[in-house]
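The chains carry the letters A, B, C and D, assigned in the order they are written, with residues numbered from 1 in each.
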């Protein structure tokens, strides 16, 4: 970000006199880029999810629309944008309107610290991991707002469930990240990835230490729960709460929830890769002897490749497992995940001291 | 205890006038229980070790007003079908009431299954079950008028929800009959 | 202290709700997620079949029975023709009985498939449902071959069945019997022995044997409570006494006797047993006519008759009262779902909303059977 | 078609007008694009009441697979475009059908599936059955059968797609705004 800004100033000296304006325009452009990227990723994910689901269920999935069905999400987006935007009579109108944007904000802001490649990161914050943990829970505010504002009991239950769920699962997920931070010695996401350098998989965080290996699963389960994926999709449990918090939403606002949900799937997978599975660290190291510029692309590819596999895992889980009950969900968190995460944290500490 | 006749004489000896006629001609024979004695007979049928009819299959409400010429023509009737689970013995008995006074004591606490069957009989035939905890319409909407399984029931001209949200003309001539009439024209 | 007070609220579940299997409505009084009272409101599909039947001739009523229980249309209309046959004293030719048994058991399989599939769907797992539907299509093809219809067969007739089975029926059914058990095992691996699924169902919505009898539950719901009662064994009708098969009952393998998982397991096991019966029936099927000589105009004697078959959702009984004319004077349909619904309020106290979904799913009710 | 012409200019062929008015051409193209999007994303409301409901489920199942043409089911009427009324509607249910229809967001379509929803079907004689859902809500397509095969329903959805493709979304909006 800063590099880009400096580069711009250097290349176009006329901009130097309007530094603030340049920075502002740059922000806007980058923001829009991130939004577009998020939308495309989320859209592609819906296609991917429908395809995976269909194959698991021995169906075809979308195939008729063109490009093998890939542009299905474009059609869905157009449709949702054109739908009537219903705001029911008794809802809390301000909260009802704001809720989808909050939900998406949580997903969108996390892209900021996501290291796609060594040089491709929007902001290499020195508290990146902390930022990620903090910002990703904004989504729940949106969900809670939606549930509260909808004036619908099913939505309210969905919203409350979501709140209870996220408040609980923040703890194990944060605790599961701490060992990684301890090992990397930094809160910056780039530093965490750099700490996993090596030519093969066992330099990755997950294989460096048996405790972190367990931490990975704690993190993964907690993130599934935080992002309301099956088996933890209680806030919108279709067979229980109709559609949970988004029951009353139609058209564009529903599309925002949709976008947030699928962005979160990507974010969840991307951060699991970043923190535990080597991030953009190139697969097979750099033993392939590829020229300079291609290295960055190879790193980018490595990152997306690993993320895709994680996404596939998340989707497979989604389409094979049933849903847990709310008390079981809480039980899992407080009785198992939190103690295990603490145990891991201390285990890693001892490991490092020894 | 096997056989309807044995059961009938056994009950007759126990309750005397409380047990009415026995219809042996019917394919599944049945006997009548007077409504005053229904609850005692029902409890006895369930609890007596020789009988032990613990399982209530169904209660059928019948309007006998257009039946063939029999003693009970013109009356309303609740038919109780019972099972004895240990040997799958089946028993049918009936309780007749006058149409003007369609009250039968409820047996919902003797066989819990009766609770809903009685509500259904009330809904469709209009027999009132005395002592039933929650005797409301069960199948038809609460604002419905009349009991459709009575033989003289007439379909209402229109259906409207109490708040006026939905108004539908329900009456429509019989399509077969209508065709015939138009053919004649 | 007033700050910590919690209030009960009323939730309106249905009639359009994904887990109510058609159109049921539950008025749920709950404290947050914990249910205090459930008032089922039924009748959204009350189509008045009993009244319609009073204006139809005896053999015109058969198609209506397909719609009483559309998931097991064959079993439902079988009950009816059995009642009329009993009323008239008609002897059914053995080949017709065997065809009825085969089709009835096939129908039981596909009915249970929908049942367990949609149960899994209620629990949040979508894939088992589509798998169940996939296997269902195979049987649907057999039915289409025999009866010409996929769902509402209108195949049994008073005194037999509509027509003989076509060529290739035997091979196709045997092929299915080979094909189905491995698929069922696959299904079980996917969902039945899945840890989350078991935890969701074990010890949930327990119906004790006493309760089950008192409320008149039938079929898998009764057997799930550990009572070995099956009309096919206990009041053998048709030719069921000639086959060897087990009656699966609930054993409380995952938790308590009579919980939701027991009822689910009974259905899974019944599908296996049905396969056994079909195999035996195909082997033993005699030649001969498929329809007894029945007069065109049926004039049964005055009187009552009650006949029932063991349909997938339990005893489906038909109580006919004849006044000697060619139309039934009164017809009452006794179904398992009606009884099953009446127990919902009794056992739902203290459950969570998610458990209520499990309870309804495990009772396997369908709306037209309740409302008729 | 009627809305496309002004008073007194009916005689001019449509091509000439389109050539003359450049924005119209753009509108048409954009309309085509929007309709393309809308038609390939017909989400249907899971509204199964009776027998047809099973065929509706089969419709989403492996053999027919509604997902092929971009149709998925939604549980809530707010997010559905197409209401497939599958099964008998009784008077007790009819007000709920109307309510669900009103809860759906525009533009919305209705398929009446099966004899019961079309006209009452075999339950014509009943005292409690609504004889055709067109008594309470507008219906776009009727599918015959008792119950119809899933393939017939698929054809019905394809007909809805065709209908959407013929619509003029932007023009409709303009005419509404204009008065």
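The rule is simple: a contact is a pair of C-beta atoms (placed from the backbone, for glycine too) under 8 Å apart; a residue touches a chain by one contact, two chains touch by 3 or more.
These numbers were taken from a predicted model, which means no experiment stands behind them.
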When you check each chain against subunit C and subunit D, which touch both of them? A, B
By CA centroid distance, what chain is farthest from subunit C? A
Central chain (by mean CA position): C
Comparing B-C with B-D, the busier interface by C-beta pairs is B-C
Inter-chain centre distance, subunit A versus subunit C - centres from mean C-alpha coordinates, in Å: 45
Measuring from the mean C-alpha position of subunit B to the mean C-alpha position of subunit C, what distance in angstrom results? 24
Counting in whole Å, what is the centre-to-centre distance of subunit A and subunit D, each centre being its mean C-alpha position? 36
Subunit A: which residues touch two or more other chains? 57-59, 238, 242
Enumerate the residues of subunit C that touch no fewer than two other chains. 18, 43, 46, 48, 51, 130, 134
At least two partner chains per residue is the criterion; list those residues in subunit D. 61-62, 75, 92, 125, 127-128
Can you identify all of the chain pairs that touch? A-C, A-D, B-C, B-D, C-D
Using the touch definition from the top, list the residues of subunit D that touch subunit A in their complex. 33-34, 36-41, 43, 61-62, 65, 67-70, 72, 74-76, 78-79, 81, 103, 105-107, 169
Quick check on the complex: what are the subunit C residues that touch subunit B? 42-43, 46, 48, 50-51, 86-87, 89, 211, 213-216, 227, 229, 231, 234-235, 301-306, 308, 315, 317, 319, 321, 323-324, 329-330, 332, 334, 338-339, 341-342, 346, 371-372
Under the definition above, what is the set of subunit A residues touching subunit C in their complex? 53, 56-59, 153-154, 157, 160, 230-231, 233, 237-242, 319-328
Per the touch rule, the subunit C residues reaching subunit A in their complex are 9, 11-12, 17-19, 32-33, 120-127, 130-131, 134, 190-191, 194, 196-197, 199-200, 352-355, 357
Using the touch rule from the top, collect the residues of subunit B that touch subunit C in their complex. 23, 25-28, 30, 54-58, 60, 62-63, 66-68, 79, 81, 85, 88, 90, 92, 111-113, 115-117, 120, 124, 137-141, 148-149, 153
